[in-house]
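Presented sequentially are two complexes of chain A, the first with chain B as partner and the second with chain C.
Now for the complex of A and B:
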């Protein structure tokens, strides 16, 4: 009986959680961009830093912020935390990377 | 080993940073303009609301009628069937001709299209102005070196005005910094403007959708009659049936 219980989400909470996650993602992509620009990484190394750094921050978010129970805070936890924004945050990363790369060199 | 070009460091301070600052400021200005220009929530005529709420009431009755006993059930059933088959709760007179209305004569659709157009104009005008500004002031020289290689296909776009056909594509002119900014400023807007731009865009799309979809929707009299049919077909099962024996069974 209790196994088949349905999870009911309160929409404003879900949206607020999503906003917090969005904030983390934004700050992460910009900071990683600044970092790889300061390190003057070039071509694929910068993108590798982005992918690994982004995933590491997402793992921290999953274990620390969500306390390993992401399913109770997000509708599709794995997809929303790890996959959904990695491409759409890429341009922000590239912008900061280009800027700091040009400033540092 | 490829040749390295030496770029004047002053280029960073007088080209890169001004372009980014201008783009951020214009983006913020645009989002506050859209917030100013967007009309407040529109009022729905009360008859329309009454119609939908009556329909919802009938649906609720259909879903949870088992808390009523037989007399209450029958009186409510008759009431709903009578009202649903009359035209008392219709929001407007049902026209007999079936020709669909021209969607552009409907004022609500026009408003939605207008606000959509305003949003689009507010998107395009500042962008093209900045692009013209960048092209006018910062044309014809190399500004920066990109940290990643690109294919030669980008040459004509990113090195426009630079008359050196064999230059590495990683050296780009100011217009490409403009493009990088155009794509990459979204997180900055999110952090600065507290999702202002995104939320206005979302509100616009939600506003326009139901109005456009109007003509294809089924007629209200059909919905009401269908609901009346459903209420006629309810097999009523009251929770009060045999309640005394059930309670005695539990506590004996």
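Now for the complex of A and C:
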């Protein structure tokens, strides 16, 4: 018999937390896109800004919103906060980057 | 409300730095000079704008207090996110007295108000007679 306790989750709160995290990620990726367009960054520099900025915002989210107890708000905290959305938010970032770059240049 | 102010300030900073960058590039194009790098004031303004907008986004997901069924204001368990463990998540519902599915359980829009009121007035009349 395994002594491991099985946790029961409340699904609506999981959805709500995911929605909040998604909102923060969306705003972050679009704003970073605007920023790198204004600074007229090119090639890998823009992606570096994206990765560093995104990770910095995730750390802010982890320390401020989760209060360092991310396990009580997300099922897979590290994966969900830091890794899962970084690629799926990249198209939005590139879109805003191109748009502001074209407007500024 | 405060997060709206932050969004506004950050947006204005971004717009201003964007316009500055646009003017700089137009100037460089006009005089045929090659821009080596963006001046540091535009860079700093852009970074400040990004930071303010992001802080506004993080701050704007906070949860409001709720009014319990006993007419007391119940502050949220956590300021930003909701507990996902069942026993902790339902604790809040117990203090408030209603749950997330109250709308489905009581079906307010399907209640026949006139019938309920008639029943109530009949009951009142009957009570007064007795």
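The rule is simple: the second predicted complex is superposed on the first by the 98 of 105 C-alpha atoms of A that agree within 3 Å, B and C clash if a C-alpha of one lies under 4 Å from a C-alpha of the other, contacts with A are read in each partner's own complex, and residues count from 1 in each chain.
Going forward, a residue touches a chain if its C-beta (ideal position, glycine included) is under 8 Å from a C-beta of that chain, and two chains touch if they have at least 3 such contacts.
None of these values were measured; they are calculated from a predicted model.
Colleague: Fit or clash for chain B plus chain C once both are placed on chain A?
Modeller: These partners fit in the superposed model.
Colleague: Is A:46 touching the first partner chain B, the second partner chain C, both, or neither of them?
Modeller: First partner only, chain B.
Colleague: Could you read off the angle at the CA centre of chain A, spanning the centres of chain B and chain C, to the nearest 10°?
Modeller: The angle comes out at 80 degrees.
Colleague: Looking at the overlay, does A:94 come into contact with chain B only (first), chain C only (second), both, or neither?
Modeller: first
Colleague: In the superposed arrangement, which partner chain does A:83 touch: chain B (first), chain C (second), both, or neither?
Modeller: In the superposition, A:83 contacts neither chain B nor chain C.
Colleague: Looking at the overlay, what does A:105 touch: chain B (first), chain C (second), both, or neither?
Modeller: Both partners, chain B and chain C.
Colleague: So, A:29: does it touch chain B (first), chain C (second), both, or neither?
Modeller: After superposition on chain A, A:29 lies in contact with chain B alone.
Colleague: Could you look at A:59 and tell me whether it touches chain B, chain C, both or neither (first, second, both, neither)?
Modeller: The answer is neither, since A:59 touches no partner chain.
Colleague: Please provide the least distance in Å between a C-alpha atom of chain B and a C-alpha atom of chain C in the combined superposition.
Modeller: 8
Colleague: For chain A, which residues lie in the overlap of the chain B contacts and the chain C contacts?
Modeller: The overlap between the chain B and chain C interfaces on chain A comprises residues 23, 27, 37, 40, 103, 105.
Colleague: So in the complex, which bits of chain A are touching chain B?
Modeller: Checking each residue of chain A against chain B gives 19, 22-23, 25-27, 29-30, 36-37, 40-44, 46-47, 88-89, 91-99, 101-103, 105.
Colleague: In their shared complex, at which residues does chain A touch chain C?
Modeller: 7-10, 12-14, 16-17, 20, 23-24, 27-28, 31-32, 34-35, 37-40, 53, 57, 60-61, 64-67, 72-75, 100, 103-105
Colleague: Give the list of chain B residues in touch with chain A in this complex.
Modeller: By the definition above, chain B touches chain A via 12, 16, 20, 143-149, 177, 180-181, 183-188, 190-191, 195.
Colleague: Inside the complex, what are the residues of chain C that reach chain A?
Modeller: Within the complex, chain C touches chain A at residues 10, 14, 17-18, 21-22, 25, 38, 42-43, 46-47, 49-50, 53-55, 57-58, 61, 78, 80-90, 100.
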